[in-house]
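Shared between the two complexes below is chain A, which has chain B as its partner in the first and chain C in the second.
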Partner chain A sequence: MTTFLQACLDGLLIGALYALIGMGLALIFGVMRIVNFAHGAFLMLGMYASFLMFDRYQINPYYGFLPAGILLFIFGYLVYKLLIQPIRNRSEFMQILMTIGIDLILIDLAQLTFGADYHQANIDLVNRSLHAGPFTINAASLLSFGLAAVFIVGLQQFVMRSRPGQALRATAQNRDVAPLMGINVIRIQGLSFALGIAFAGIAGGLLLPALYLFPSVGEDYTLKAFVIVVLGGMGSIEGAAIGGLVLGVAESLTSTYIGNQWALAIDFVLFLLVLSLKPSGIFGRQRA
Partner chain B sequence: MSGWRFWVLLGVACAVCCLPLLSNNNYLLQVLFRIALFGGLGLAWNLVGGYAGQLSLGHVAFFGMGAYGLAIFTAHHVPMWISLLLAALVSTLIGGVIGKIVFRLRGPYFTLATIAFAEVLRLGAANLQITGGAIGLSTPSLFTGEAFWKLFYLSAIVLAVLSFLANYWTSRSRFGYYLMAIREDEDTASAVGIDTANYKLRSLLISAYLTALAGAFYGSAFQFIVPDSVLTIDISVQIAIIAMLGGAGTLFGPIVGALLLVSASELFKNEFGERHLLIYGTLIVLVVLFLPEGIVGSLQQHVRRRRKPPASSAASALGRAEVQGVAEQ
Partner chain C sequence: MRSKILAAFAILASATLCAGQNTIRIGIITSVTGSQAAFGEAHKNGYAIALDQINAKGGVLGKKIELDIYDDQSKPDQAVQGVSKLVDQDHVPVLIGAYSSENTKAIINPVIQHQVPLLIPTATADNVMDSKSPWIFRICAGANDYAKKTIEFLQHNGSPKTMAIVYEKTNFGQANMQAMKDEATKAGIKLVAVEQYEAKSPDYRAVLRRVKAANPDVIYFCSYLLDATTLMRQSREVDINPRYYTSSGTGFAAAEFPTPKGAGKDAEYTFSVSQWLADAPWPGSKEFDAEYVKRFGSHPAYHAMQAYESLLVVAQAINAAKSLEPAKIRDAIRSTNLKTSAFGPVKFDANGQNQHVVLITQVQGGNYHLVYPPEVADSKPIIPAPKWSERK
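And now, the complex of A and B:
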């Protein structure tokens, strides 16, 4: 029983980071109806940004993730303006291809700039653990969890409470009527894309202490992000947050009871199960 | 192009393709083998991705199953050439099961599901005993001796011609018109009485069979397979780009795409070293921005525009499907 609870606990800790990644993707999908296949590549960029600050200027990744997120916000907005906006009315087929192209370019650029070597940000916190009764909690994971939670709640509040958030939701609901209500749809789409990318960057920065860094590190996370978003119901931001936690726990239980190498497989099994049994997502409402 | 003229042209094209057999340059033959193989793969993908308009990024699943099937069956003492056919057959059957599930989904869901299936297979191959895990398997050589690359090149050409014929038949049969109608508007297609799930599945089965054969030849030519060489998503992407660059849903597009992309990446590899990686992504972005119909597709559109006023392709594909359907009855 302790093993089971410990696995659930570890899953929840990593799940909060998954939630961040998934919420970014859900935001972009909800507002733009574009599935961002480059999501993991942006996450990778966030990791490199955070790593470079650590490596060159000894900035702790737990501060560095914030500038990394801001950089990614700006970069995401540029990518939207240059590459996404021109094709925003093209077929789904073309939009998917475009984000795949962006994904490949980012990974290959990272490979050319930083080389294929593995990097790691060594900070003390990663080796420290807290003990609570029979359970062990990694201090770094706990800190990541706390910071992630702040951003999850922040994004949720922003979308539900603020004026721009209202415009985001209006655009997501109906992008033909939204402009009639005086909403600048292009600006709102740019904002949601940049914000989604920034969240990928923040998640990258927070993941950095726990992972080895290499150019294609993000690929698995692109796929995870899809699984999370599908679990939570395409386009639902709260759904994605819950989906992230569910995925974290599912993975953790799989590695504990079946084996580490199957953790990624459970992602796809869950994904295919949800898609074939309840395509609107576990927590999603039936789509019209 | 119809009747005897088509077959004469095809014969001439085959004869031209046989010219490299006179050369003894193994490097050249190896590159040509890959061009022909990926041309065939692009054509096979074109049935699903081009005519039926279903963006599959999981075709590496069939490719890998073909390669692994060949290795596993021969390891269990099945004669080599029978293994080849068995591997393709099994891949097609599994493809049918996959198709049953993924074709219930549309758009991004469909694309994601195809990726997920391919990834599950890759993870399975990397972790199971029968596939040799991450160490991989050695594959039997279908050909040996001096003429190794010549014979492999020739088989790739045969495969490409088969795929081309499948495309040719699709482009002018009722089956193909149904697929195009599905591509243009699936709901309308189903409303006029086309069994959309059934036709999409059929196109996938043909495509999977050809893709698996190509995978088996690829595995055999390079003699050794690991999950990251024959089950990586990169191959799925490469196949799709080849077809899209040339023009998805056109007869000659995938051939043009393979010629350009494989030779370009080979040239860049020698010229720019590591930087050749960038061309795939850059090409995709450029094609999407400036050549959404692909090279052949854009040329065709240009020619068509000069000949007659454009008709809505959706309406015409549906119209043709309907006329054919009525004629059948």
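And now, the complex of A and C:
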């Protein structure tokens, strides 16, 4: 029983970060109907931004993730303006090609700039653990979890309560009617893209202490993000948050009871199950 | 202006041409960048020392030698491209490489097709020697030797009853896991857990918890450097306390592993097989260590030594062959018979395998100490490893 609960606990801790990644992708998909295949590459950039601040200026990644998120917000907005907006009304096929192209270019640029070496942000917190009865929790993972939770709730509140959030939802519901209500759809789409990328960047910053950093680190996370979004129902932000937690726990239980090598496989088992049995996602909610 | 540029080009061109005529290029494939970069660095440093020694003595066949290093970025497909680049474009007569077992396995067939001799410095998976091709030689001992020596050591030091194997999932880890599985079973040691992990995603807690639940006397790790470091840190976090932490070298024998840059204090008491140590009983070992420290500011692990010795063996073979024809160099490598060297005796068997002695080391006070076999040991093994809660 202890083992089971410990595995669930570990799963929830990493799941919150998956949730952040998934929510970013869900936001972009919900509002723009664009599947962002470059999501993992933006996450990787967030990690490098946070790592460089740590490596050059000894800024702890738990502060560095915030400027990394802001940088990625600006970068995401530029990418939208220069590359995504011109093709926003073109076929889905074009959009897929575009985001895959961005993904490849970002990974190769990272490789050219930073080299293929593996890096690790060795902060003291990673080596600390808290003990609660029979359970151990890594201090860094717990802090990442807490910060991720703040951003998850923040994004959910922003989308549900604020005026730009309402405009986001309106655009998600109907892209043709929204402008008739006085919503600047292009601006809202730019905002959602930049915000989605910023969330990938924040997640990257928070993941940095727990991962090795190398140019193609994001590839697995692009895939995970899709699974999360599908689990939660395409484009639903709360769904993505829950999908992230579910995925984290599923992976952790798989590693504990079946073996570490199956952890990535379980992602796709879930993916196929949901697609074939309940394509609207496990929670089957309305979009955004 | 234009003529000046042309003249400059002419000089440059003739300089390169002359260089081409006066030097002999040796092809080297290693992982300068990527996940195995720490080992690629060790390789490069080892080659550099050997290169200078050879050239200081007048080179080979009256010409200086030059290294043509191809960075495989720690990826097998890149290593394969390296063979084509070095042999087809640069026309090197002999190759040394790659670093990892995974990348080495990938280049075996291309090398045989290109008909150049390959000397393998560090790949321990025994399947790199499966081809039985006359073009393939290996200077290091393999996974079977690692497993045999570890079991022998355990049987002379308390005869533990149960073991868990934790291994990374590429060729290196799999080969060492399989070798240990066979040897442990033969020795009557019960395997209570055999766990694979993905080296690039550094959360091994679930794996370690499974091992902890199985409560083994011995853990045998087959790991590269970053994962070795993380495994030991997380072993402390999970509070797993076997009597022996053992390993198939590599990450657990890397120069950085017992330093604060690696696992630091968490590396203490871990045993590792080793192919070479500065304290090894071979003439030239200490000199190599001193030269390495002087040039690179840190002590070398055996990976650097294997690169160093490989280049010396190749240079000697070219001298003996008196030719740059790959087939003649191949035959000269085959008849290499060094009674002694800084890496011990070097002599290849019919399958191209050097018969090399494996040592066992333990991290004590932040350094590797030679603890087995007894006739060469300089320290006593500390058994059992203290529980994490009792360590300072």
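Going forward, the second predicted complex is superposed on the first by the 284 of 288 C-alpha atoms of A that agree within 3 Å, B and C clash if a C-alpha of one lies under 4 Å from a C-alpha of the other, contacts with A are read in each partner's own complex, and residues count from 1 in each chain.
What we mean here is this: a contact is a pair of C-beta atoms (placed from the backbone, for glycine too) under 8 Å apart; a residue touches a chain by one contact, two chains touch by 3 or more.
Only a predicted model underlies this, so the values are computations on that prediction, with no experimental measurement involved.
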For this session: Quick one: classify A:93 as touching chain B (first), chain C (second), both or neither.
Result: first
Problem set entry | First, second, both or neither for A:256, with chain B first and chain C second | second
For this session: Have a look at where A:230 lands relative to chain B and chain C in the superposition and call it first, second, both or neither.
Result: first
Exercise. Looking at the overlay, what does A:109 touch: chain B (first), chain C (second), both, or neither?
Worked result: first
For this session: Considering only the touch criterion stated at the top, classify A:264 as touching first (chain B), second (chain C), both, or neither.
Result: both
Exercise. Touching A:117, do we find chain B (first), chain C (second), both, or neither?
Worked result: second
Problem set entry | Touched partner set for A:129, first chain B, second chain C, both or neither | second
Exercise. Looking at chain A, which partner touches more of its residues: chain C or chain B?
Worked result: B
Exercise. For chain A, which residues belong to both interfaces, chain B and chain C?
Worked result: 259, 261, 264
For this session: Would you tell me which residues of chain A are touching chain B in their complex?
Result: 35, 83, 86-87, 90, 92-94, 96-98, 100-109, 111-112, 219, 223, 226, 230, 234, 259, 261-262, 264-265, 268-269, 271-272, 275-276, 279
Exercise. So in the complex, which bits of chain A are touching chain C?
Worked result: 3, 6-7, 10, 14, 115-118, 120, 126-127, 129, 136, 138, 210-212, 214, 217, 220, 252, 255-256, 259-261, 263-264
For this session: Spell out the residues on chain C that touch chain A in their complex, using ranges where they run on.
Result: 33-35, 37, 73-74, 169, 195-198, 200-207, 209-210, 213, 226, 233, 236-239
Seminar exercise, completed: Within the complex, chain A is touched by chain B residues 53, 55, 57, 101, 104-105, 107-109, 111-113, 115-117, 119-120, 123-124, 126-127, 233, 237, 240, 244, 274-275, 277-278, 280-285, 287-289, 292
